[in-house]
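Chains: A, B and C, in written order; residue numbering restarts at 1 for each.
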Amino acid sequence: MKRVASTLLSTFALPVILIVIWFAATRQQTSAFVPEPVSLVKTFGEVWVGPAFTEQVVPSLIRLAAGLAGAIVVGIGLGLAVGYSRVLRDLLEPVLEFFRALPAPVLIPVLMLLIGIGDAMKITVIVIGCMWPILLNTVDGVRATDSVLTETARSFGFTGVSRFRYLILPAAMPRIMTGVRQALSIGIILVVISEMFAAVSGLGYQIVVFQRTFKIPEMWSGIVLLAIIGLVLALLFALVEKVVLRWYRGQREVENRGG
Amino acid sequence: MVGVSDTSTAERTRAARRTVQDGTVRPAAGAWRRRQRVVLGIAGGVGLLVVWEAIARLGVVDARYLPPPTEVAGEFVRQLASASFWTALALTLRTWILGLVIVTVAGVVLGFVIGLSPFLRRYTTSTIEFLRPIPSVALIPLAVLVFGVRVESALLLIVYACFWQMLIQMLYGVRDVDPVAVDTARTFGLGWFARLRYVVWPSALPYLLTGLRLSATIALVLAITAELVIGVPGLGTSITLAQNGARVTTVYALTVATGILGLIINLLMRAVESRVLAWHSSVRGEAIV
Amino acid sequence: MADTLTTDAPLLSVEHVRKVYTTDGKAVEAVRDLTFELSRGEFACLVGPSGCGKTTLLKCIAGLLTPTSGQVMLDGKAVSGPPKKMAVVFQEYGRSLFPWMRVYENVEVPLKNARVPKAERERLVAEALDAVGLSHATRSYPWQLSGGMQQRVAIARAIAYQPEILLMDEPFAAVDAQTRADLEDLVREVWRRLGITVLFVTHDIDESVYLAQRVIMLSTSPTVIQKDLAIDLPDERDQLETRSMPRFIELRHEVYEQIQRAKRGAAAEETAVAAEH
């Protein structure tokens, strides 16, 4: 019982203190830039609970999901090939290094030129921007496949597709998940920026509109929503990772204990 | 969190060491293989440029939107000769460096302070885990309102995003310190500052470098973002200007320049990491976060 | 019952196998000239000093490496890649089992890959796990088990595969002495029960004499066969009793001496003079 209380205390003490300070500070003087907590909650409800959610937020999420799905497919697919074939790797390594180093947002102007400003552009930006961490992590994962395990698989007749399915892909999963997590962060950045830059709908677009028309409380509510979405997605991902990599965490635990 | 794979030089070296140890002799890094790798690498790059050139010249995509690499290269050279390019580059670099310095100082200091105090660790974990996943782009409108197109806008984004990376790495670094080493230091009468300097710091150094490497990439991405979206002066703004002025080749040339900048930063970070860790005999792990 | 009656042609035939590695331009002759045969149902041990190429030879036999010259014949057919009738148990059990699969799946997966129908798969897996005494641990992950148990899983996986010949590469070197004794007895029991041929590589002289019907001793690099010794101990072997028998001690002495000679590099002379046991 004491432990539960202690955990609750350490989890909530600091946040509560910060919120109290926030309350107190906005009581004293209202600044144009810092919202008042109570009215913020009210505005949040007004703006986002309702049709605005389906009209603005859902399209953004769909774009993000589509882009990430594409990035995962391309990233893992190419990554498996590049990781497995030394020739392919040598051929593509400089090019891959260049695109990995290129800051993804800079693709937006170029892609606008090539594809226009529709959904296709946004999704393409996300796919191209997000595939690098997945691809590179997949390559690393494939290359780091344990040599004893590979020989074992060979000795039991795992060749071609079955080797990818039973050995290479599962072995690379921990690294791939790291890549997907990075891709998720990039994806959120890209979907928001691409909407702020050139769009007629979407969460990013809405927030910019609020800011340009000086609707400050609404703008803040948008920021808060974005923060919440970021959090929720991070949590969802952590859950997925926990399930997919259950074996990996267990194994690392045993190793760390010196087992 | 953004951009690069988490393979540090240390990890790659460890992986390489492990595969050789098991007795399978690989015809590994012979001079011939190295040459083959270079040749193939160049061939790959050239091949892609040729394909690009063909696509552009043959009109598969309208040449107005996809200029051939030869033209882009020409424009790139012209940019290198123009003062405005170097000014823009310098501005981007200034933003980047400022951001990194602030993040490093804040991350290291807070990392040590929080990391070395179990009390602070416990009480700040929830707040850190809550604030960390918030995308820094959420702050863009706020930055615009408060700072406009001043460099502080970009710094707000950079510092917010990179600080968490740095802090997490430092916390892991401090936690990774060998307690036996700390106790030994204590028995030799070393005060807390000496312990910090001789025991904790060297142990945390690899993590600091990892944090720096990750932050360097994120900082560049956000600097460019601020320039593209907000209009903070720098390479990004040059690109938007070129885009608005329908100078397509310039857009491509500047994009390539940005890529090269990113590449140089990447290589720089890796070089720094391997040099600093070379004399750090025990290459500890990094927190894959 | 161990049937040491040879049925016509040998099951495994290693003919003048030679293996040379090139590292950084330098050529290293790991194995110079190895020739021997294994009859069906035989249990032979390969012993030699460290670095004598035992593992290289085993990998050549297993089809994981291609010999520079010479060939390996399994059941009359040349080995050019891992053959279907052969299963290998490696020393590093921790790295040889799939960590993302449970014990049951680990044993099952080679059969799945060989498209064995489900019902038969289940039977083979159950029997194999029963033979190694791990029927209760099917739902565990390998890393949740002790070293000895992990190696049992590897053995179960090998025998579920229904090989004609089982290759074991110093399988018990990384396991503690108690567990090693249990595993040695397990291997012998599996061998007798299933009637398979076993080629067991080890550096442990006592183990080789205890386990085998025949001990093939290798020289130091460049490796040739130092001596091929028949072990005429009774078929029923017991850790305590057999190891204290006078004949065991004699044989062990012989092997030890040969290994010492090998280390001192007397191999060349021996091959010139040696008549096969």
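Here, a residue touches a chain if its C-beta (ideal position, glycine included) is under 8 Å from a C-beta of that chain, and two chains touch if they have at least 3 such contacts.
No experiment lies behind these values; they were computed from the predicted model shown.
> Would you say A-C or A-B is joined by more C-beta pairs in contact?
A-B
> Work out the mean Cα position per chain and let me know which chain is farthest from chain A.
It is C.
> For chain B and chain C, what's the span in angstrom between their mean Cα positions?
One centre to the other, that is 50 Å.
> In whole angstrom, what separates the CA-based centres of chain A and chain B?
Those two chain centres are 17 Å apart.
> Between chain A and chain C, what is the separation of their C-alpha centroids in Å?
Going by mean C-alpha positions, chain A sits 49 Å from chain C.
> On chain A, where are the residues touching two or more other chains?
148, 151
> At which residue positions does chain C touch at least two other chains?
Residue numbers touching two or more other chains: 92.
> Residues touching two or more other chains, restricted to chain B: which are they?
Touching at least two other chains: 22.
> Across the complex, what residues on chain A touch chain C?
Its residues touching chain C are 146, 148-149, 151-152, 154-158, 162, 166-167, 170-171, 173, 247-248, 250-251, 254-255, 259.
> Considering the complex alone, what residue numbers of chain B touch chain A?
1-7, 15, 19, 22, 24, 36-37, 40-45, 47-48, 61, 65-66, 122-127, 130, 132-142, 144-146, 220-221, 224-225, 228-229, 236, 239-240, 243, 248, 251-252, 255, 258-260, 262-263, 265-266, 288
> Using the touch definition from the top, list the residues of chain A that touch chain B in their complex.
That would be residues 10-15, 18, 32-33, 87, 90-95, 97-110, 112-114, 132-133, 136-137, 140, 143-144, 147-148, 151, 175, 178-179, 181-182, 185-186, 188-189, 192-193, 196-197, 204, 207-208, 210-211, 216, 219-220, 222-223, 226-227, 230-231, 233-235 of chain A.
> Could you list, by residue number, the parts of chain C that touch chain A in their complex?
59, 62-64, 82, 84, 86-88, 90, 92, 95-96, 98-101, 109-110, 113-114, 141, 143-144, 157, 161
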